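First chain A sits with chain B, and in the next complex the same chain sits with chain C.
Let's turn to the complex of A and B:
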């Protein structure tokens, strides 16, 4: 399969090929000819219970359709197959977007990315998530693609997942046995795989009330429209003096089979001055979590190096944002 | 499985109904069923933006929308930009500024640029380049496209008034 070809560090290949979109990096940037989609039937569920029963009955042959920017490509290119596509955009809970500064954000799993950055209050409250929403594909993708879909596609390189983890987001999942909650940090299990069982689907993401500052940064060889070589999301809270870090969370993308938490890096910042030296030390700690592969987007040691650089930079931005809120 | 589904939409201001299979993309139906061949199929996977249409005012890649999802939606394609024989200022500026060579990408650029100017009548060059990053052009090197959008913004008087008038007309004509 083309996706397993190793291009090593040959950036020119990545730059000259048709630019890839957000799909897990081992299988993306297809140059296969676009063809008609395989045959399937379509059902638009209007309630959570209806979607659960459709998905339970369909099993592995049923797929959830939110923005469609991953699943339609995967069906077209034969990377996944389905007998039934269940559109969840007519379920009110999946399209919810409720922000309350005291309670937090309830983000329906099918809400398209653009609605996050079009809402100034949300953009100000969760800047890391909005950093991600602005760079997942181009504008046309953001008009359809949802953060929930980006999570369920479970790419190791997904741009929204480090931000969700850094912001402490929780998944609300519905299924035949009722609803359950799973921290985003525990949702992905392998490239393209997650903890959703048969008949289950993601209803919404719950973010805690906004505190401190946050940011997401990725490295790509192009200006826009590419898949992260490395992505880093960070959240920091400053102590009352505004000079020291009270708490921090850092998460990484594209350096392991799933997005990962750099727990030690976050812990290393607690009580430290909000300085370049602390950020650099955190970057070194974050590098220890990285277990990258070498592929066409970059060699493993380069990716590890990038983790250090990006962690340092993203922390500086997150701290600046935390200070500007004080 | 390939039962045909009835879909009611509004396309370029005109109420439009069609039959489609669940697996058909909106782009396929626009081009092959409705013969609105302005939208192009470039890559078929959401990279190139040649198939961009406005779905309830939001730019989307129509190759990544199932036609059945268009039920009840208001769609604008590149065919909806001009009013009778009068080109939309964006089209006029693309023409005068030679912002196209082979032309395959042009309908997508026009539709995305229209969406941009609808929201932001005076975009900076950086903003134009960022918002058009989901549209690929292999011929022009983008500079002429960006300049054409800037010229169109000027032609639209920068206050959105001409834009609103231009956008309102085809719809009014359809009712």
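Let's turn to the complex of A and C:
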């Protein structure tokens, strides 16, 4: 009778090996179970090996603590539970932040957001990542929240993941069998889930040497205090003329069970003039990979539409930034 | 806020205004020279609040205190076949478990709670569900334990056997024949007569004056439109919290955050069927209420638990409990039809309003019907209103309860009328504005009211006079009306020997009322605001006082303070007569000084002589005033709508309101700004979202989107003063009416920006986008 969509509550995740949890984003009131923080043990590892052995022993009942802006909230609300919380902020590798214009960026997994935008060189080199770092919560949150935590929380709506994917970032993972590397684009597997196996954790993110320009844009109904209805990250490189696009990568948030790469949209730009018409065409291509659901953050058709709008806008910004660097 | 501190009361008698200003209009007389009223002293509770010392309900710690937790229904509608609490009771650390079985039988019992009669059986079942759970979040059982962890673990051990039933959450669906029935014994109160058959419609109201049918026939233009509004919550920052101690002598003390300690006492006593005097309610500081902290939720439950274990029990809600288990304000369907002559005179009006009552009868339909046309002088009008039960929490008052939904509809149609007739929207409103002598469709005839002056002041604002340029931008205007109430207030005040006066009051202070009441006493006594020490005290320490609500406190409790002041002056004159050995009648009092011939004593000097002349002086007063406290506010908005996303950005906002007399202008401005902001939230993003099982899916501040500071421009305020003839200082209520106009103001602005009329709240980005797409 009412002309509105009834919003469902969580992502419909295709049947998987493991039972899908109805887990979309952490602060889901409809799945909240408790109001008081339950007891758990706390350990602060100081080396990678120590963390690996604590996590291996703890298994499913152990969780990593970086800034805690997701995990503490989730433990308190009963959305996740743990017997052991392993603080990784005392491990030097996790707090490393090394930038070299020729080699790229090594971003320790527990480095808080503010350190990215406080560093002018990093801010200029990876503007998409800094766009993300600046909008994850407010100042207090950014003083704690890490990009690694944002990635490992593996929300489909996480604000840093499209930027990491667009910038071509790689995860450096430590575990009982040593270290391995996984592209960020392949890290998330389902809402709240990722490819980390028992005893594994994220040590750092590695970004290639900066080229071109990048940007991240999300749509939220208000101007703060919201989770992305849609997020789009883009990276572009211009050809020597500065008028045509040589290469591009686009990634989307909040339109599928995991952040997704809009590969066709990126490819479609190669060799095209850096114009509104090309951006618009890329937006149309990006809409094709969006598989959004209708939920409390917005109806599916609206989200698909926003993918087009935001892709177009974010490309314009990325190109502008690429040009200003030349 | 600094820019709002500009204007001191203008000493002009013309309606005039500045950007943030103060326009005084009292007909022909010049404003009386007040010394305290109209100034902006620091609030008495300011230091406590900004240093975190103020004691809120959650701060309270008592020796031996236990922590409670409440089990809530996961179903929106279910029969409760059985509740087994035995496993929870046997848990170590659990000291008491309570269910509805612990409440006395309340069938057919009615209590008068000041603002109207309340069916106690319904109130009781809302506090702890009896045979049915009627909304997700409905309280079903409660536990008291040594700590919150044990209490929560015990909840998990309570076995409730539910038989889920089909639920209904949209008001028109609930009115359909064949809709799921919430209360098998409910019959519609059809204009006073009980209707036949099962229904969810608890009441049908009807108001009529003149001959609407004939008048519509004679109108040159008739516009009829339908409006829908979502359920919204008051959104006070402090969740409900109560602590109860049922002492060994049978006396029950409750510490709580409430808008009315006496109403909380009475509701609790009635629900427990114990004498009033057996209960003391101690009001703690309160972090907002807006109408939502009038009903009791936790108080009786904490009392039951405490009675069982003999220890104090504290119950605290979390945010989800607040959204799901306490009164939001009604979602609604409203149809409004207006007929006007070519010259803009509105000659006929008709409205159909169907409002959510929530799980139990008795929502906000009455005030909705009373307010819908009350900005205008319309001789022929008809209003039909329906109060409808459905599977949402029992609705509660929210700042001008029921008026905002009605204003959204009426003021949108008025805007369409102005457009169709080619008349400026302010001129059209001025042409039809209600004034002294106007009879409302629900009966009352206005005393002196200030709508005309408010509209004129709006027309004079720099905002209205400015030009709005740019693509996708538009300006909207709308009016709001709220009748405000009087009700009962008591105060007592004792003169301290150092010349200060301690003021004891029963009105819990939500909006700075300690200060605005103290200022009225100070004005009356001729002393400084800082020399009055206001204290909000418990129900044993002051006379009966109704709720802080209905925009009544500065008006009615202020009136009581004024009379208590007169009482003090009368007694002080007797003391002065003793000192000067003259007759009482020979002692004059003016502006804080007592005089007899050439001798004089200031208030403070005479206070210093009370010791020698008979001891302390206690002034007191109890009032139950009638009075033309009606409030009107006009609001202006400039917006820009992003055509690609449907998102509305507010560029500029002005509210112009008749305050009667602004006692403390900062708090009047604060009320105006706060009300406007809540109306903006209601208009743009706030709504209860439901899944396919009628369960709320956004019970958190993350997804129930109230505006943040980043979503709003500074709200410009213009105070108009058309003194209320029924109050010695001219006060009208100011707290509620500012919420009424914003949804219509924004709908009208969005129309001017986009060409699309939004007729459903909230006007959230996806909705505006869909409407824009449909237009293309």
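One rule holds for everything that comes next: the second predicted complex is superposed on the first by the 291 of 326 C-alpha atoms of A that agree within 3 Å, B and C clash if a C-alpha of one lies under 4 Å from a C-alpha of the other, contacts with A are read in each partner's own complex, and residues count from 1 in each chain.
Methods note: contacts are C-beta pairs under 8 Å (C-beta built on N, C-alpha and C of every residue); 3 or more make two chains touch, one makes a residue touch a chain.
Worth saying up front: this structure is predicted, and the values here are computed from it rather than measured.
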First, second, both or neither for A:227, with chain B first and chain C second: second
Partner chain in contact with A:302 - chain B first, chain C second, else both or neither: second
Touching partner for A:68 - first (chain B), second (chain C), both, neither: first
Partner chain in contact with A:219 - chain B first, chain C second, else both or neither: second
Set of chain A residues, in rising order, touched by both chain B and chain C: 30, 34-36, 38-39, 223-225
Chain B residues within the chain A interface of the complex: 1-3, 5, 21-25, 28, 41, 43-49, 52, 55, 58-61, 63-66, 68-69, 112, 115, 129-136
Chain B contact footprint on chain A (complex, rising order): 18-21, 30, 33-42, 44, 65, 68-69, 72-73, 75-77, 83, 85, 87, 89, 112, 114, 137-141, 143-144, 223-225
Interface residues, chain C side, partner chain A - complex: 69, 148-149, 152, 170, 172-173, 228, 316, 318-320, 323, 644-645, 647, 684-685, 689-692, 695-703, 705, 707-708, 710-711, 760, 764-767, 769-770
Residues of chain A defined as touching chain C within the complex: 1-4, 6-9, 27-30, 32, 34-36, 38-39, 219, 221-227, 295-299, 302, 305-306, 309
